[in-house]
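Look at the two complexes coming up: chain A is in both, with chain B in one and chain C in the other.
Up next, the complex of A and B:
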């Protein structure tokens, strides 16, 4: 009987290897590609916000050209952060119910509070205080639909006297200071949701929130580099090398810390070699070979690490054009690598049996809810929103107030 | 002594927050289901609401009224425990009006039970469709009398 069952497992359903429980014999894992996108997009939000905070809180003046772009990037992606969850769960018409009957003991439901706090109390407010002076100005000088939008966003406050503007700057700084732990909370919480699943050795890990936060910072800075390069290319502007080099420097150090912490996690796992270790080895050698070794470790970490690291040592000897290309390539590779990392966490955690003696498979469909097509749409949507936001709030045709994010006026 | 005056932008934000929270409270009153929380964190009337729906299955008795010969054959063979609508699909509309035909059958009805799956007992007849045969199941099997050959 046992051999018959084993034969069925191995021969009849080749997507299983070894021993898997009958209830694990499903065609697809419970959490598919949309759940891969959820921590990816949330991480990009947190990272882009941290990037903006470098200017506002830590007063890194070289990054001023990307301050507003980073905040708008964070907003565009935050608006889409819950869409993968919404589509994954189905019945989007019931989405309001989570707010009408809020649950206070489910870790998944608490993310709703974390998200609402971050969107309503941190990001939107910081953007509003930063833009208020400009919004008042634009609402007076712009006609038509755009003008109406600016007037709505002023919320009827037109006071731009020096004390009012000084208060805006002060509030912006307070919100930035509150925003850093909030951004850590936002993405650390996503890490906690996975890390708290103690029955799964791939996920159940106390430092999962820290790993998520660090990879989020890396991916967020990489996204800001990418967006900055694309925007300057579209507008035929010259790239400010001081800004780009500073972003590359922060990207390198963030990557260094991220790789170090993930490396420490693996050293710990290898030395401790707990009961799930052998199945993890199978995952690394077979199931996640390409996404982990090639995607996450080589493309996402090692190559950008060498490229950005060499720039830190030899910056002055490398021509600007080469530097731009090296930094852009590193940012793009990091964005792919972090997506691979989210895949490895989410899908990897569901590819082995709870018996720890068998592995399952996952073949992504094209047109289904969790398919490639939907994934590409959801990844493209934040860029569409960002384009609209940039046209509205970062337009070259609009005059800007000239006050810098940390208060000293340049005019 | 100077009177405290709230800065206009802060005052407007406070009013906006109050408006949002106020609308939320009002919306909550109207949108919370009436029986929510009656027994726990769910709608107390959920089961009654489901039970009140009109059934879409006709049941074997309704089939027996016109197709008793087929049901007789079915009762004598291995598929005797199956409901007609397990393979023929929901058929209440067909039972009410015989001119409305039930859903057309395909082989997927057979493999729903007979495709090999490790969670099924080993004695249960299982095949791997792609290795078994690419034609129609009914070329070799009679669904109402699976132990007979056509």
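Up next, the complex of A and C:
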């Protein structure tokens, strides 16, 4: 390495308070906004899948209108889940090494396998079994490019006799049952990536996977509410209030459990007040003031909690119109709040020195791999994919088969 | 018929076990050969890592904060300019307590301007208000249970049998997980190679019978480097042990560092 090369990369030092290790004094934290998006997107996948499982496994009939939409949402986001990780690597071209020579003690190494299992063995298969009967039907009636796509997706299996359809339903149910622990695994695993870092008192925490799973369920249900409202608005349909109220109910209880566990974590941290507590106080009071107190606690938890909670008590007295708005607003706020929570975990854990003697600053750029622009692009991409999926597989023009996800035929 | 079949099965099984036992050393040799080709450590040809156990001892009382070690390290290893260090020096200034405060000591100030590479400026605290002031050289702590090795998703960073913790730059994917996992802030993501980098104990030097650059240049012998498996006459490592009570950094994390310090203070983290 010549000194000319190394001289180019002198960075402008940002401001620090107190003492930080010299290697920590870089202009940006090592893991930036992309790594904030990674647990956020993965969480939305897990949550949306759990939402779909409510219909399939727990037979909540009121949620049938959003069953397929939640599965497609999970797929659209899952297809984008690894992108932030990939872009942030120093050597993205070597990413296959994780699959070929995984280091088994690393919490990150098995993610590729968990991801592949979840995508291939759970989500795609469940969607295929659920859609098979329709795909056969559509491939016969649709011409052109769309028809070819449907024909490809049938994979040549055109048997729609009653025993075959019964098998589809059975397989779908089995996959969904397998899918729930898989979704927990997928996201709990992401939590463990942070929770296993004992060097960092902000991250190293036994209940981190549980916190991640619970907040994932909350954000996933909120995303399904959001998508359902947007879809009915675009299509000028009327919202099925029974479905929306049920989603709001599940959202409320998920939020309740999530807030309780996260609260417990905070109580423990404050009460135990271990080494580094004073640095954490600085974080809460200064560095993460807006994203933690305002974003995560107020917008993401307290306000939706009160809105959804009041609806649980006074549902019958609130007019439909107001209810719709309250639920939509809660869902949107929760989506922002959970993003803020991911920010607080990922960025928060890197805003103080591991010497516990100082704090760093972080100002996000607009351009660059870790900038706003890239972040918005990566957050928008799943919605673009979802639009295509909805056009293809939730088209209003195509008739759908009679079978319902939980198995009892209604037509 | 039945007995004949059983005998054949048993023979086949025995043969299988035998073949397995015979294949084991072959597999080991093959693995070592593959590693020789694919693992890039900078070691000298013919160097056997299993015949050494390297150790670094640091006498805090001897360090004068001249910064030659940090500078030598940067030059020797081509460490990029800017906030990237394989070794650095911290200055601790512990102030006297304010009269009547009821405390044993005052505020502790720590700094390491440019890693201490060019020495240190005048103390911001007047001399008569300083209770203790000392320098602490830092480097990779050569953990017995290294958290960085544990978390590497591809196994690019590894514990060498001789005690060095190394990174294969051709293999590292640059995810930064090891940097997050190191409790001592000893790793960085090189802006040049886009891979993780850290102190290798100057592996290219020690495998050729030389000392690491920092230990070589230290004018006060605050850094003592040695080999536990090949003690020399009047071994400085042995002497260090006999003369000092030693400590390690952040012992509560269970990383069992093999960089040992004498004369540390509770303020050092």
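Miscellaneous remarks
The rule we apply is simple: the second predicted complex is superposed on the first by the 381 of 411 C-alpha atoms of A that agree within 3 Å, B and C clash if a C-alpha of one lies under 4 Å from a C-alpha of the other, contacts with A are read in each partner's own complex, and residues count from 1 in each chain.
FYI, contacts are C-beta pairs under 8 Å (C-beta built on N, C-alpha and C of every residue); 3 or more make two chains touch, one makes a residue touch a chain.
Keep in mind the model is a prediction, meaning the values are calculated, not measured.
For chain A, the partner touching the most residues, choosing from chain B and chain C, is C.
By the touch criterion defined above, A:101 reaches both chain B and chain C.
In the superposition on chain A, A:357 makes contact with chain C only, while chain B stays out of contact range.
Of the two partner chains, neither chain B nor chain C is touched by A:265.
With both structures placed on the common chain, the touch criterion links A:240 to neither chain B nor chain C.
Judged by the touch definition given at the top, the superposed model places A:365 against neither chain B nor chain C. Look at A:23: by the touch rule set out above, it reaches both chain B and chain C. By the touch criterion stated above, A:64 is placed in contact with neither chain B nor chain C. Touch criterion met: A:155 reaches chain B, while chain C stays clear of it. Shared contact residues of chain A with chain B and chain C: 1, 5, 9, 13, 22-23, 25, 97, 101, 103.
Across the complex, chain C is touched by residues 1-3, 5-7, 9-11, 13, 18-19, 21-26, 30-31, 85, 88-92, 94-95, 97-98, 101-103, 105-109, 111, 193, 196-200, 349-350, 353-357 of chain A. For chain A in complex with chain B, the touching residues are 1, 4-5, 8-9, 12-13, 16, 20, 22-23, 25, 96-97, 99-101, 103, 125, 129, 132, 155-157, 159, 163-164, 167-168, 171.
Residues of chain C that touch chain A in their complex: 78-85, 88, 90, 109-112, 114-115, 138, 147, 150-156, 171-177, 179-189, 191-196, 253-254, 269.
Of all residues in chain B, only 7-10, 12-13, 16, 24, 27-28, 31-33, 36, 41, 116-119, 122, 126, 128 touch chain A in the complex they form.
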